[in-house]
Amino acid sequence: MISSREEVTQLIVATKVQKGIKWSAVAEAIGLSKEWTTAACLGQMTFDKKQAETIGELFDLPDEAVAWLQIAPYKGSLPTAVPTDPLIYRWYEVVNVYGSTIKELIHEEFGDGIMSAIDFSMDIKREACPKGDRVNVVLSGKFLPYKTY
Amino acid sequence: MISSREEVTQLIVATKVQKGIKWSAVAEAIGLSKEWTTAACLGQMTFDKKQAETIGELFDLPDEAVAWLQIAPYKGSLPTAVPTDPLIYRWYEVVNVYGSTIKELIHEEFGDGIMSAIDFSMDIKREACPKGDRVNVVLSGKFLPYKTY
Amino acid sequence: MISSREEVTQLIVATKVQKGIKWSAVAEAIGLSKEWTTAACLGQMTFDKKQAETIGELFDLPDEAVAWLQIAPYKGSLPTAVPTDPLIYRWYEVVNVYGSTIKELIHEEFGDGIMSAIDFSMDIKREACPKGDRVNVVLSGKFLPYKTY
Amino acid sequence: MISSREEVTQLIVATKVQKGIKWSAVAEAIGLSKEWTTAACLGQMTFDKKQAETIGELFDLPDEAVAWLQIAPYKGSLPTAVPTDPLIYRWYEVVNVYGSTIKELIHEEFGDGIMSAIDFSMDIKREACPKGDRVNVVLSGKFLPYKTY
Amino acid sequence: MISSREEVTQLIVATKVQKGIKWSAVAEAIGLSKEWTTAACLGQMTFDKKQAETIGELFDLPDEAVAWLQIAPYKGSLPTAVPTDPLIYRWYEVVNVYGSTIKELIHEEFGDGIMSAIDFSMDIKREACPKGDRVNVVLSGKFLPYKTY
Amino acid sequence: MISSREEVTQLIVATKVQKGIKWSAVAEAIGLSKEWTTAACLGQMTFDKKQAETIGELFDLPDEAVAWLQIAPYKGSLPTAVPTDPLIYRWYEVVNVYGSTIKELIHEEFGDGIMSAIDFSMDIKREACPKGDRVNVVLSGKFLPYKTY
Amino acid sequence: MISSREEVTQLIVATKVQKGIKWSAVAEAIGLSKEWTTAACLGQMTFDKKQAETIGELFDLPDEAVAWLQIAPYKGSLPTAVPTDPLIYRWYEVVNVYGSTIKELIHEEFGDGIMSAIDFSMDIKREACPKGDRVNVVLSGKFLPYKTY
Amino acid sequence: MISSREEVTQLIVATKVQKGIKWSAVAEAIGLSKEWTTAACLGQMTFDKKQAETIGELFDLPDEAVAWLQIAPYKGSLPTAVPTDPLIYRWYEVVNVYGSTIKELIHEEFGDGIMSAIDFSMDIKREACPKGDRVNVVLSGKFLPYKTY
Amino acid sequence: MISSREEVTQLIVATKVQKGIKWSAVAEAIGLSKEWTTAACLGQMTFDKKQAETIGELFDLPDEAVAWLQIAPYKGSLPTAVPTDPLIYRWYEVVNVYGSTIKELIHEEFGDGIMSAIDFSMDIKREACPKGDRVNVVLSGKFLPYKTY
Amino acid sequence: MISSREEVTQLIVATKVQKGIKWSAVAEAIGLSKEWTTAACLGQMTFDKKQAETIGELFDLPDEAVAWLQIAPYKGSLPTAVPTDPLIYRWYEVVNVYGSTIKELIHEEFGDGIMSAIDFSMDIKREACPKGDRVNVVLSGKFLPYKTY
């Protein structure tokens, strides 16, 4: 019996490595962005029934796993509060070094409030550059003003 | 005697509040982006001599402070490893929830390596949207492949 | 020179103790709820110009402090990640003991998403009870569904 | 042999996903609120004999598991002191941002003491709202004054 | 201006050392136990007006400090989560080594619930013993059963 | 093969739940207090040969487990430094809120030294009270003065 | 089914101990330095197809493991943030004691920026010395200046 | 009165910034390497009398500060266990990613033991490279075998 | 006004550096071991009246400081749970590497119990050795058996 | 397949309990001290081939385990940074309370440097005493002066 979404994630990841499946192909199969699809496969988002069945077929998952994919998961993909993996750490570093800057500039433009991480999308792509290609990431989050009451 | 860059940052921030200076105006005065300029004013980047003098004039800083602005600072702008401020926390949450996704997709596109946080730029702007304006952020970092030797 | 909002909070708190001012009276003076007003006085929300001036008069604050009240503060009111104060700890305990329950029930009713802590209000009142009066707190937060993209 | 309540919780959760059982239906079956019932199923409360047997039938639990449900569990439902899941984190954030406010206002109304998390109830419901439905939560806890001796 | 209860505690402690005042004498002066009185002087309890004035006289405190003594303080008397002082650590050790035992035995006697730390008293005294005197401590806390709802 | 005392503790606890054994009955069987006996069964104390054999019979333990019961265990019964379980947390809170008070009063009575947690006993009992029964706990620990040399 | 790179690392390490394989021999077999090769075998680098197959033969790995070796791993080889192993701790100590020195001297020579840990190589060798041989380590990392924008 | 070595370090650093002194010039003045000299100026090593006096003259230090420079300091130059500054973090990352590799290779060459961080020297220099200059660091530490007894 | 023992410790340490006083000379002056005396001067032990006065004269302390020296201090001499200073870290490492060994051997010899850190003495001396002098430390602590009750 | 030294340690410990083997007897069998032998059996030291074979015989270990005993292990024997076991904690407390004292006295005698934890030995024995026997521990570590370069 599968008792957590993490077990499903492990099944997906193990099958992906064994079969050499690409995340972009999975995204295409369910008709959504590669960013949302990958996050969902890695246990951070909730699939609807049809999407879950497609994922189940692609990764040869048992029915029980397909049921788990439709349950809102306990989110958080990092094993430690400060990530040790260098690629992910660089993002943590950006938040640490630029955190106060991001805060100042969003407040300067919008006033007090936050940039939503829920009504949010992300787009990661290659940016060709003669000095070495770059990773270009666009983050878009709704501005939510603090409610006064 | 000023014994750390943090004291200079506090002088800048206190003067900014008192005089009502905008970060975008400071950026214009030194001819660089508002993102880099704000980060530098908040103690995360190093000004060159001319920039430092301009900052010194805008914020009425003593000579000693102007000297400190030209010294590479000990970086990191957050008081705790996991930020408590909701605006900054949302960014930490993005790294936590999407961390494994970002890792997978950059590796799928570029192979093993990282997105640089040094050869890096950031652009924060308002994205008009009928359902409520959004914060749009573009991050651009050079891809650095792991060296094999 | 005042170099942080925390110094303003300390001025307000010290004056409150000395003069015996009540939070409910402050709230009435600026025409908002006692919950939002207290949070703002304790450095967690941003006052507009008129509100800040009223606060400045009530607490005999210098002009500089009044300017700081209009700046979006770095939020977070607790000195440690797990609060030691028994009253506040009980709230942390509720989150810890009931956290998974809250998650399950909100998802069962609304699907995947969160209850906003920004488009949010709180109302604390006395609930008379023959076995001993109770604290009754109503929390109201907009449900924000996860965006699919 | 089942050696902890956590194993029973995992059985319940896995069966719930597989069978598509709703917490509200479980609550109805044992005649208590959905909040208490869910917390109890998730290993935070103690069932009496009759309730435990009902739960055992609903979730096809072995006798041993039914015995465990009647034992006061080691409570705490979060894997980390600061929760990573965004829905639960928002509650932690409320405690962090509003913690000092809650403390001030309860003391202003009741004097020194706490709001009990034991003689406590919680009610979570949907609050229809034209701008987007809201999560409405009522917390009710007995006020306990500090004993002087 | 005094901006926190901690400053008042420091004044009390410094004066106590300078004048050689005993906690038992302070307790007698306000007519309460030495345990409650000491805790209150160390910033953990709230004095009423008359008690606060007596304390003010005993320790030559300014009026402002006397006002602070009547405000419910942010409680917690230890600088670190795990105390380093050997005397206090032994108590932490008792909680750590005997924690599960205390839990089991209170539940065996009373069912699920807690021993209150608010409706609580403590009595510390010398217990003469030929092999070396002992510290005898009686803790009395109201049993609070978990509410079912 | 059993490779740690913890496995033995799990066997004992699982059997206790299954058979409905009471700690007080176990204590009676080995002729010691319920406090020491429970702590020992929960892996915090060392049984002698005869006691271990009695425990082995009561809980149907294999010989190997009986051997482990006679080995001084690695002590500490809590999964986290700050306990999450509300009953145990209240004890941690007592140490935190009253820690400095306990220190002051023991030193006032005995001078510098500690209250032993080794030459120590604990007695937990019900204290009838018209306003609600109380948990009464007596702790007795030998005072150990710091050696001067 | 193998569900993580760590399982592959354990297979490699267990086989290495059983067969008495040397890291230098592995390095020779794939034609790269012993430093990169060892790091890769320990789950910190990504092998290409041919290298992975060679590793697979040397360590009798199943095909699935060979597939995992070609996937960029989640990096970080230490079980705790501050390493307990004395050999590795000495390196942490060097970073702690000399950290500010390294920062000052690299900035004095190169200006603001970092020494890359990605475009990086390391060479560990024995340095004969009459007073006792020494470990000589050469680290070479590209200097990356902070981008101004 | 100067009550810690850290105050002396702050005096040195503040004067360095104000006067624009270079670490290499300081090193030359006392006739030692720039690495040892900088570490000593930053409060990590102990100067002898003559060196301390030279430092005192270069940085206009009071006699008391010169006395402190000759006292073995409490070492450790980082404000947090995991450094936030990107330059220093890269070194922490090297220890984390390559830690197990360094351990394996030193043991393969030397057997069980450590590389000393006390009988240790470090040399940081620029390594010209057409693709961008590199930081070249040589670490040399005596191998110390574990004593068998 | 002196409000903590730490301020007294700082006065002692600052005067020691300025005047070049040796701990062994202080020990001789009060007629106790250099280990106890140093610990007491560093704020870890309590002086009696006569000792405190001698210390006061040696270090030119004000009367208030002499009073503080006679108060049992809050003990613990390290700024972090894991010490960063290499000399002190080696002792932490001994406890970490040999901790389980020490436990096993004391239990093998004495049964369950502890080695007292209160009825304890320490003697640090030079041990001449042709291969390089050694630090020889003798620790002597009373064995305290766990009480059975 | 055995994939870590810890599994070998568990085999040794389980067998020791089952067979009632004494560490002193093991030490005698390999002709070394009980301290080094116990540490090695508990996974902290490396056996040579002959010693490993003797250990293998005493504890009925498979060949693979005997191979593991000859590999330098990842050291550190405690499950948490601050040990919870009272016997081991007392040693941590000694380091905490006496840490600054040990540092001062070693520096006063030897100058700047450390006491080695590698070229180190330990001897634990019973010290008869009329007031209760004592644990007497002699630690001997080579003094290593900081290298100047």
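A, B, C, D, E, F, G, H, I and J are the chain letters, set down in written order, and residue numbers restart from 1 in every chain.
In this section, a contact is a pair of C-beta atoms (placed from the backbone, for glycine too) under 8 Å apart; a residue touches a chain by one contact, two chains touch by 3 or more.
Predicted model only: the values in this text are computed from it and were never measured.
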In contact with chain D and with chain J at once: which chains are those? Just list them. E, F
Spell out the chains that contact chain B while also contacting chain C. A, D
Name the chain whose C-alpha centroid is most distant from the C-alpha centroid of chain G. E
Between chain A and chain D, what is the gap in Å from one C-alpha centre to the other? 28
Calculate how many whole Å lie between the centre of chain C and the centre of chain H, each centre taken as the average of the chain's C-alpha atoms. 46
Check: chain J positions touching at least 2 other chains come out as 35, 71, 74-76, 78, 81-82, 84-87, 93, 96-97, 100, 103, 107, 113-114, 116-118, 120, 144
Mind giving me all the chain pairs that touch? A-B, A-C, A-D, A-G, A-H, B-C, B-D, B-G, B-H, C-D, C-E, C-F, D-E, D-F, E-F, E-I, E-J, F-I, F-J, G-H, G-I, G-J, H-I, H-J, I-J
If you look only at chain H, which of its residues touch chain G in the complex? 22-24, 34-35, 38-39, 42, 44, 75-78, 81-83, 85-88, 90-110, 113-117, 120, 122, 124-127, 129, 131-144
Residue numbers of chain H touching chain B in their complex, please. 10-11, 13-15, 17-18, 20, 79-80, 82, 84-86
Within the complex, chain D is touched by chain E residues 32-33, 35-36, 45-46, 71-72, 74, 100, 103, 107, 111-114, 116, 118-121, 144-149
Using the touch rule from the top, collect the residues of chain B that touch chain H in their complex. 1-4, 64, 67-68, 71, 74-76, 78, 81, 117-118
Which residues of chain I touch chain G in the complex? 82, 84, 86, 89, 93, 96-97
